[in-house]
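Below you'll find the structures, each written out as structure tokens.
Two complexes follow with subunit A in common, the first pairing it with subunit B and the second with subunit C.
Then we have the complex of A and B:
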């Protein structure tokens, strides 16, 4: 009897088979990828999450015949460090840089890359201006802030349409930190043009560090809102839901048009069944793509206790883009990569959206957000239909009916 | 001996770009930026004894004013630096007047400086005309050649600009220390009551210190704005940046001319050295560098409480 083949090996094999025509085995030396992430400092949590995507990428890409040599540098959530680390990575031989999560840091790194003629593939950074500078070496595989918000709001309309749910009034709760304020400002500007089928009544800004949100939820409940729009940033999401349960505030839906908080391990662990049915609209992994299955399997094996999230997927994709460019260029030299990157057309990738391709400014406009609903304490894609794992459940069952 | 050391230092800095690659040049630019900003802060704390923990306010003001003037009215930074310095001096004077006029001093004054920097950060976060939280971006043009009027050029140009600024500030501070105003500041720092009894107008000399320090810090802000080309309120007005500014003069030696420079020369490469050592040892864990950096700072403060330069000076012939 021959050796047993596990399901994971089967999926990996199938993925490699799918990729074989496109991603031929490369006998060349591994591509030297320098990855810049905020692994310590204020953005450490997000940086660590991105790093998990990079950690898993080496093995997955090797399976696809795309060898890479990864060097990770910590930007320490500091712009000076981001710039000097970028210089150091290039000095140490990095042929392509990936990073850097924060828009300010990314802009500093982009200038170094432009100066040195080394490509930068942005994993995450949403400031639109980064790709408006006429850089020749910068390629972004992440939506701009405006696109994220527009997609997030449009998906609410789609959710209401698909489920036939009628809501009249929304209460908009948002964290008053930098991110929350930026999102609130963008929503305030974009919402009127999107003709949402409900009115945004009470807008409630809250302090992310507050002990409880009795007053805020009290206000939302008193406003008569049947939909809660939420821009949270972490633990505040847990406290807000807890307070809703406590005050028996039963909105028909709780939806975030694109913010962290409601799809995190701690959220599921703490809230259990009360965390279910909340929805977040944001770019997400395509659960149906063959490469996603390989990636998810490898991720689950390497990080059994961590949750796969957006940061992981985009960091993996950024490295995949670099490796694909090296394969097409037939060279790992920065010059060859710079010639190959504008021609990128990667249809086999992991995040939801069309093929990865860059416009004249280096922006990939084919990324789409998805509606992620919490079901049995895990995030599940419910929209768009072609990527959905389940159908959305709205209105949410009452707190005591779960 | 000191003069020889100074000339050697200047010579090394002048010739450094010829021998260094882009990475080292980047490191030296950062080093000189902090030497400059530390020297500007040193006027207020080191010379006049007024502790500000909110100096990022003036960096941010300088950066935003000059960037806005350039973006919206086409005023080049070489001219924009003057309104930027004036704005910072005005704000610094207003904070100083409010504090000193009403006898807010010591830790309470320090808290006030933090409060104003935070107010500025929050205000700029809400100024949508200046990008708000989304940031204000200066157009990045081809960074080749030298255009000092518009502060556009390659990293070498930026290096020499900040070197010139740091050298000029060093010389200005040297002259100030030996001027009547400098002596009044030192009298204020050592014993305010005694200084006042000798006829020193404390309010006036304190205001002069804060206005001058703020204006010079703002000039540093203009440099950083055009060097990085991206301004975010959290980045440039944040308390973290204020702390970064003051580390070099504290470690180097408060109230001394060489202190901020020596502090920056030590601290900037120290961070890099720790990274190199921890990477070499395979200690890849995140946060190891800030931890080691903190331990080094603790050791310096413990064994050289007056800073490094005073300890060296004692041993010089």
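Then we have the complex of A and C:
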């Protein structure tokens, strides 16, 4: 009988095989990556989550023979700071910039990169105009806002079709901040063309900082909706669900067509069983990809108490793209990277979708959203089938039947 | 549905009333506006969270010890920091208390971080069903506690010797000094009572909301709106203002748009300032 190979060894072997050519570069100087994130200010939570993806990337990429030297700069959730920090990173020798989570910040950084001839790989920023400016140095590995919304709504149709659930009327609850308003506007425009099998009845815009949502849920319940569409932005998701339980409002499904809130550690911790079965449609890590398994293992080891979320995956991938370009260019110089990046064709990556490749505008159009359902207080991929870890459960069990 | 929301607004308003009462008591007696009011309430919310997390104490049980601690802290704060500013210009008092507010907010950020801290009680998701009515159990218990505490506070000022002395000092400071009342001590007790009251309200708020440092300024503003609507310095006015704001927010959200809730209470404030500047139950100065 031959030696036994553990599953972990198998995964490591598979990923190493994929990146075998990269080993040739292992002796070369590390690529200097400048990472811009909102680590303080209003977007601090999201920025910190992205940073965990960057922190774990150094070790994982080193294992793959893709050495990087990471310098992190805080944009302080401020556009001017984002611009000056980008200048400083480049002046300090960064050969490629990654960032910057917020669309407005990213646009400011993109202008700096374009002037300085340094590539910018966007981890997260959805504003469509970023890749419509004719920039030669900007590469985005994140869907545009329109694509996010279209995918999010289409997946609702798929979920209803797969589970056979019939719903007649939806109540649409959305935060009235910039993000919520933009998403609500996009849904208003796109929904009619998608021929959704239900009517969107009551649309309720709420203040994200409100102390409670008794009135909002009261209205949703009174509307007779059997589906709740929700665009939340964090703690508001917890308060809304809590209020649904208290008011005994029992929709058949609670689905977010692409917003944060319902797949976060605090949500699971606070709501427990009442947080289960809620669904969010958004780009997510492919649990079946070998590199994802390596990344998840490294993440779990380095951050045992943190939850792996979308921000982590996309930040990791942005750095992976930079390192891959340096490998193919055989150089870490910005000029070489700019020549290699348009030729990117990374089939082994972590987020759900096809190979990472950029169109003439620097946009990766191969990213697909997934339906994530909360099961036993953790996010689980339930659609698309090829990536699913479980089958979706709809209608949701009643609050008192859990 | 409207009646449901009115009841919810009424219950919330009773807690708002207790919260604003602390501000009203301190201003009514000392003529000092506590600009750190909301921030102190948030500290009480964190205290309730810590008592629940580390001692397993239900907020309805930790309410009294936390209020007592807040009384002591308020007493000492008045004696050590605020007393020298009592006779100084308003802007100095303003700067002093804004500084206290900033220290408390940043201290909370430093100790607890920016994440929300919520209390999980067994009855967090329970509600009572009476006919077609649904009443949130947590809100009902918190409002009941707030009403009881408000009643006790009103009784204290009306029937006890210390309460009467404080009212005398509020009515006529010089006269109170002439008859031998220790004004400094009475002011410290008053500040202690006001702080205990906001501490108790903070604990009850912790049952309904997660504690988060940035909630402080919002609660300060809410308390200002309530006491101005009810009548600055009037204790019953604070309670009436709280109930009015709670109910009007609920009705505005139900009949208009939920995102207009806060705007509606500010509109009410403007209306009161225009038509009855002394507030609903306040006295014209």
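Keep this in mind: the second predicted complex is superposed on the first by the 383 of 402 C-alpha atoms of A that agree within 3 Å, B and C clash if a C-alpha of one lies under 4 Å from a C-alpha of the other, contacts with A are read in each partner's own complex, and residues count from 1 in each chain.
Note that contacts are C-beta pairs under 8 Å (C-beta built on N, C-alpha and C of every residue); 3 or more make two chains touch, one makes a residue touch a chain.
Small disclaimer: the values here were computed from a predicted structure and weren't measured.
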| item | value |
| --- | --- |
| Side-by-side fit of subunit B and subunit C on subunit A, or clash | fit |
| Touched partner set for A:210, first subunit B, second subunit C, both or neither | second |
| Touched partner set for A:242, first subunit B, second subunit C, both or neither | second |
| Superposition-derived comparison: subunit B or subunit C, residues of subunit A touched | B |
| First (subunit B), second (subunit C), both or neither touched by A:182 | first |
| Partner chain(s) touched by A:79 [first = subunit B, second = subunit C, both, neither] | first |
| Touching partner for A:254 - first (subunit B), second (subunit C), both, neither | neither |
| Subunit A-centred angle between subunit C and subunit B, computed on Cα centres after superposition, in steps of 10 ° | 60 |
| First (subunit B), second (subunit C), both or neither touched by A:219 | second |
| Contacts of A:282 with subunit B and subunit C, given as first, second, both or neither | neither |
| Which of subunit B and subunit C A:274 touches, first, second, both or neither | second |
| First (subunit B), second (subunit C), both or neither touched by A:44 | both |
| Distance of closest approach, subunit C and subunit B, by C-alpha atoms in Å | 10 |
| Set of subunit A residues, in rising order, touched by both subunit B and subunit C | 44 |
| Contacting residues of subunit B [partner subunit A, same complex] | 21-23, 26-27, 30, 33, 125-126, 128, 132-135, 137, 139-140, 143, 154-155, 228-230, 232-235, 240, 271-272, 275, 284, 286-287, 289-290 |
| Partner subunit A, residues of subunit C touching it in the complex | 1, 4-5, 8, 12, 114-116, 118, 120, 124-127, 129, 134, 136, 138, 208-210, 212, 218, 249-250, 253-254, 257-259, 261-262 |
| Of all residues in subunit A, those that touch subunit C in their complex | 44-45, 176, 204-207, 209-216, 218-219, 221-222, 235, 238, 242, 245-248, 266, 270, 274, 399 |
| Subunit B-facing residues of subunit A, complex | 39-41, 44, 47-48, 72, 74, 76, 78-81, 83-84, 87-88, 90-91, 103-104, 107-108, 110-112, 114-116, 127, 129, 132-135, 145, 178-179, 181-182, 185 |
